[in-house]
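Given below, in the form of structure tokens, are the structures.
In what follows, chain A forms one complex with chain B and a second complex with chain C.
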Partner chain A sequence: MHFTRFSIAAAALLALAACAPPGQTGGSESNTTGPIKIANVNAQSGQLSSLGQWEHKGVKLAVDEANKAGGVNGRQIQLDLFDSQGDPTIGTNVARKIAAEGYLAMLGTAESAVTLAMAPILKDAKIPNITSGQSPKLAELKSPFLFLNAPTSVTFDETLAKYLIDDKGMKKIALISNNGAYGAGEHDAFLASLKTRNVTPSADEIVTPDQKDFNSNLAKIREQSPEVLFIGAEEVQSGLIAKQARELGIKAVLAGGAPVGTDVYATTAGLDNAEGTVVSSPYLSNEASEPIKAFAAKYKAAYNEEARMHVAKAYDGASILIEALKQTQGEGGQKLADAIRGVKRAGLLGDYTYDANGVGIHETKIGLVKDGKVVPEAAS
Partner chain B sequence: MKRLVLIAAAAVAAWLLPYGLGGYAIHVADVAIIFAILAIGLGLTMGVAGQINLAQVAFFGVGAYTVAILTTEAGLGFWTASVLALLTAVVFGVLTGIPALRMQSHYLGIVTLGLALAFTNWVTNAHIAGRAEGISDIPVPPMFGVDLSSGYLFYYVELIVFAVALAFALLVTRSPLGRRLRAMRDDDLAAGALGAEIPLLRMTAFVLSGLYGGLAGILYAGLIRFVAPESFNIANMFLLLAMVIIGGRSSILGCVVGAVALSLVREALLDASGYAQLGYGLVVVLVVVFAPQGLAGLPGQLQALRRRRGGGSRAQLGPFRPYEAVPRAEERVALEVRELTMRFKGLVALDEVSLTVPAGQIRGIVGPNGSGKTTLFNVVSGFYTPSRGSVALHGREVSGLAPYQLAQRRVARTFQNLRLFEDLSVRENLLLGLDRTRTWWIWRYPSLPWKVLGYERALRARAGELIDRFGLAEVADAEPRSLPYGIQRRIELARAMAMSPSLLLLDEPAAGLNGGEVRGLAEIVRSIRDAGVTVIIIEHNMGLVMSLCDQVTVLSSGRVIADGPPAEVAVHPDVVAAYLGDSMAAPTEESAEAAVEEANR
Partner chain C sequence: MQVFLQTLIGGVTFGAVYALVAMGFSIVYRTMGLVNFAHGSVVMIGAYAASTFYLATQLPFAVAIVVAIAVTGLIGLVIERFLRPLENKDFTLMLIGTIGFGAVLEAGAVLVWGATGHAVPSPVATGPIDVAGIRIPTYSLLVIAVAAAATGLLALFLQRTKLGAAMQAVAMDHQAATAVGIHVGRSNAMAFAIGAGLAALAGSLIGPMLYVNPTMGGTLGIKGFAAAMLGGFGSMPGAIVGGLAFGLLDSFAAGNFQEYSELVTFLVFALIVMIRPTGVFGEATVNRA
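After this line comes the complex of A and B, so read on.
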């Protein structure tokens, strides 16, 4: 009895005495030998896994090339893949994991919500992150460690609105978008662009990301007989919307962001239905320019599948990171972030010049879908 | 003492744990603790109180989102927002609980599932909740200069909250409230008949659920500092459910073990997450089939297996120690039933039945099967509301009151087909009868927990006396279902007497008893009467009725056909006709008795 009381008290004292607060000793030891650890975080499972797999292929292509060319100052780059499952909570777990395991930088994710969740942790850990997300909220965070490898939805949709309204004079515009992170971002950005032009949409239908049947939404839109139907959804869903809209006899011009410029969209919708869709994207097709053609060929040789924007922007992001690493000679932290901000690169998506909010590309191009492929509007 | 050492060892280990963990592992531990708190909440509502609640993850979300919205949009401090978040989650608990007043089991599951879906749907669409992108930049909770953005220091905050939450949950389960909740889970009708205010108890269960969900949500907001709809979706609800089921839904510690274990498994499966859901599903199926009590039930299952192999001795009843007789008070009317009619759709079960039972009498109610005897009991004890007529108890009108209200007016009953709480020990069954507190008494749980423990000790002392009196010492800690039928009958009688009733309704107490047991029963009932309790007894054993009852009422097809001293009633021509048909000649007193017994076989 006495003994046990004593031992409890002793243990308690011991605990208090040891009360230097626990923590990771050493922190991120900046070792200057051995491989440079880079994390690629993307959904490898779940609904958005195809996006995550493309992203990873693009990143890996850039890293493999750099390693083959001798790495960064003679050090190889070690690229490790983490699965975010598209879930922000898992994302925060992964963020802490890469912070604890001494990764210098992170590439990904393709889902803005996950990146938004991870950003504060990465900022605290001073780990630069080049994301494939394009939500305007990412730029609003103003984190000095967060960079986008593509324009934000605001740019996509401003360009689109400018083309449709200012250039083509179309004013009867209907919207259909999903309420997921991507769809809602597109919806808000496009609506804002309409507002600055004093255009009120004739219909504004919201669907859910896993919806497959849009007949009731589209029937409402048909009553308004709009000139333009703006689609704010991911590739497959955009294709389904286009297909069902044409089946219902909606004659409006279809328009949207990067998803409607993909082959997935065109094949889902059917080539006839997709014909003439207006695309706003920094990466219109695999034939848009000589560097892009070279990249597409390289990609096809490596993975035996067609390149696409997701791959290209992941490749661009990884290339920028590698360039910055070469400048810091493999050092991370604030120095690496500053180096990334300083990189001026003529990339596949355009010319990267980073602003204070971490946005590198500030314009998109307009293209039209012809036979399932996007051709630049100027050339048509 | 041994337990104290164990607790101390666990506390010290938990306190020292962060020193052995890396920066990522501590984050995993932080998340596991949050899920453990959630699992405790779900264990309380679903395991202990038996309310199928699939909205726990929504309460979690309400807590987290309220903190997020109030800190980022309204600019409140983290802790102020937390207090409001806790209140909001409790209010949501109450709102979710309202359907539970009307429906139970799978219907309740569907309703709560719908509410959980509605919650994620709302936050995905509401601008104030940041829609699909969620709310980021929740401030770090301030704590007297301690930097809580460190997962290590946040761990200690969580640990303290968790310890308090766990202690409170254990206090609730091991006290009168928890016992009532478990009784309600096993058999809400019987619990009501023992005075448990079922509606209030169900609300209490949901309040607890909201409380624990809100608490976990606040910690989540402080730890992750970001909220998004995906974190509170149905897949996570399933994970939570799996934690509780694998751990053992009726054991709070089991729920904690399940939550911690599954959190770690989820971490280990991070690289194979596509198959993780499949894995959880499989494990849940295996657990439900092979270990329905979960991990917490495994020791008991193994013990039972060993005992079965060893063979056991048959439990024995001890002798009954009679009550002290009190002098009979001046004659008053204990129960007055006036022109009672009970109609079920087309069927008239009771047809203008009137009955007056003086205090201190043993009244027998006999009649052929289907004559309305049990219906009469069900009306008197509040299970049915009569179509017409009235019931008065000691001169006060009580018709239309709920069973628990009648139980509080000291009406006790037993059931024709025993209704003991199967998952509670004999002692706990009796404790339920002894506990006469009202549900609002539970304000003492958070404010004066030591009073609760003191009350519980006093109850246990009285239960000990009751066990001795009814000769149940040998079986006191067994589960009723493992005992012979005769003993179960005795337990139900003891449980009814634990309520210190003024009116005791016994529905066929001798059914299934052997001769010796019937004689023992008669002795007990007489002693109960001598202690000043009015007893009404439905019985087919005419020998017992004749020798025991002061007066006998005979029902046939819902009508009173005879009422008087046993000897008179037995030869009443209508009675004989009702039992034997009118073609028979009127028998003598002795042969009537024999014939009635014959007819009942």
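After this line comes the complex of A and C, so read on.
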């Protein structure tokens, strides 16, 4: 009789445990043997998949190297790839899945909107996430489990404003940006940098992330004959804006953050149209320094394609995570998050020193697009 | 005034492409009473086929377009052949079948071309024409001219040829058409092939204006579908008017409503469809399948 009652109670408890939301079970798991499970979440399909594929290659390179060198305290790292499709809803599903399946940490995504959607779930599950997103909103979350492997738009755009206004004396500036998570972040950050310099933009056009025809927005900008056209949008859309701006006869200097430094931007815009675009980025070229040159050669040998910023920052992020895992001896949760925050690393994008908001890099450099490639401004 | 005219240029160019997409939707619908939800994906395959051939062979863009039309025409025939057993039996399954084909085509494109996509350089080297400060890209003129020519040819085919007349007959009354000896299945196959060909033409033309990737068919499909609804689903003149109207609506909304442009565009669209559910040229009822 007692046994029956006990069985019922045990069954009820088990059923209750099974009903707990996914993700609440993962945090307490502490496997000390077997491979260390790391999730890489990035868009592998959809319009943003080029970013996702670069990111994955960068992460994989770092993990493969670590595994070859003996892993983390003798344990191999198991890297599993999840496709977010660049979609926040799919992202949240993936977040629950990785929480439920006992992943220790997550690398990615390249899209701020997806990372923002996933962050609360990962925070609850105490899973540290090193993201490639750079929206200031990520830092504003102040999640102790969210880290950026690149500067936020605030840094990108402050450097850009300093170069254009303080150094070059250009004050007639027009903005065109989309209202997606990345575009809005760029818009607000650049506008804030203009405000501190008492510059009012001559035009401030907002488009939707899906928009393809910018004739109307650009015609309005053309009427103001700006000296600079700031573009706050992802790679393809930035390229389309640049192309249509030049077709409309807008002669302004084109300027933007990391997206305008990619070959997707340059080929979409057309090399002639992209020529001279001012890029603010922590990673300007594969020749910028000796460690970067060595990394680019290593990447080329592994994947037979040129390295780029997205690859480099994903590699940096993964390397930081591996370093932290070595410190915690493969333990996750709060301990791993604290270890990541403590990592000081001379990375490919710069010197990482994490602040309380999870931002590790605090400066970018200026480059110019020449024949579809970015060259450091000083050398041009 | 300059802003107005420049907006007009952009609206008409994109409108011409939407019109081609809408015509593809309509020709299948008027013949079979079926909305081909795979149409947007066929547009994407057309864009890929044309751009890949153009970039790989360096042959004239016109040749690449013809190749793309042939490739997608074939895909159209395959889709129709798969759906034929369901004709007049299960309409819902046919609809779902087209959605399935759309997903298959998108996944197929990822397999063949990868998920990354590619930019297509403009096949027209000359710069934009400047008319009193209004810049008209030469490629836009080409797009409008090709779309107009395709529309004219299609109208001639439907009205002046025996095959075209047969398709019209099936569209009007497929039972009567069968009674007078018209092969309805063949007529449907023709509609699918022409629809796919139009999709390829639209895809090929829009490739150099955008960025070719496996998901590009989504937005183009939705806008082409909305354009067809606006003009009157199943009506060919309606598709043209709807396409241009939607292009212009989209363009002017972008300039005037900024981040709310998409909302405004589809609100206006919904209002028009509420006031006139059959669209501009649509018939009151369509009962097929």
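Heads up, the rule we're going with is that the second predicted complex is superposed on the first by the 352 of 380 C-alpha atoms of A that agree within 3 Å, B and C clash if a C-alpha of one lies under 4 Å from a C-alpha of the other, contacts with A are read in each partner's own complex, and residues count from 1 in each chain.
Note that in this section contacts are C-beta pairs under 8 Å (C-beta built on N, C-alpha and C of every residue); 3 or more make two chains touch, one makes a residue touch a chain.
What you are looking at is a predicted structure, and each value in this text was computed from that prediction instead of being measured.
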Item checked: Partner chain(s) touched by A:211 [first = chain B, second = chain C, both, neither] -> second
Item checked: First, second, both or neither for A:331, with chain B first and chain C second -> neither
Notebook entry, point to check: Is A:45 in contact with chain B, with chain C, with both, or with neither (first, second, both, neither)?
Noted result: both
Next item on the list: Considering only the touch criterion stated at the top, classify A:275 as touching first (chain B), second (chain C), both, or neither.
Entry: neither
Note to self: With both complexes overlaid on chain A, does A:179 touch chain B (first), chain C (second), both or neither?
What the structure shows: both
Next item on the list: For A:65, select first, second, both or neither according to whether it touches chain B, chain C, the two together, or no partner.
Entry: neither
Next item on the list: Considering only the touch criterion stated at the top, classify A:363 as touching first (chain B), second (chain C), both, or neither.
Entry: neither
Next item on the list: Jot down the residues of chain A that show up as touching in both complexes, chain B in one and chain C in the other.
Entry: 44-46, 49, 179, 206
Next item on the list: Could you pull out which chain B residues touch chain A in their complex?
Entry: 1, 4-5, 8-9, 12, 15-16, 18-19, 21-28, 31, 124-125, 131-134, 136-137, 149-153, 224-226, 228, 230-231, 267, 270-271, 273-274
Check: So in the complex, which bits of chain A are touching chain C?
Finding: 44-47, 49-50, 52-53, 178-179, 205-208, 210-220, 222-223, 236, 239-240, 244, 247-249, 264, 267-268, 270
Note to self: Looking at the complex, which residues from chain C come into contact with chain A?
What the structure shows: 2-3, 6-7, 9-11, 13-14, 110, 115-119, 121-122, 127-128, 130, 135, 137, 209-211, 213-216, 219, 247, 250-252, 254-256, 258-259, 261-262
Check: What residues of chain A sit close enough to touch chain B in their complex?
Finding: 1, 4, 8, 11-12, 15, 18, 21-24, 44-46, 49, 82-83, 85-90, 92-93, 96-97, 99-101, 112-113, 116-117, 119-120, 124, 135, 137, 141, 179-181, 183-185, 206
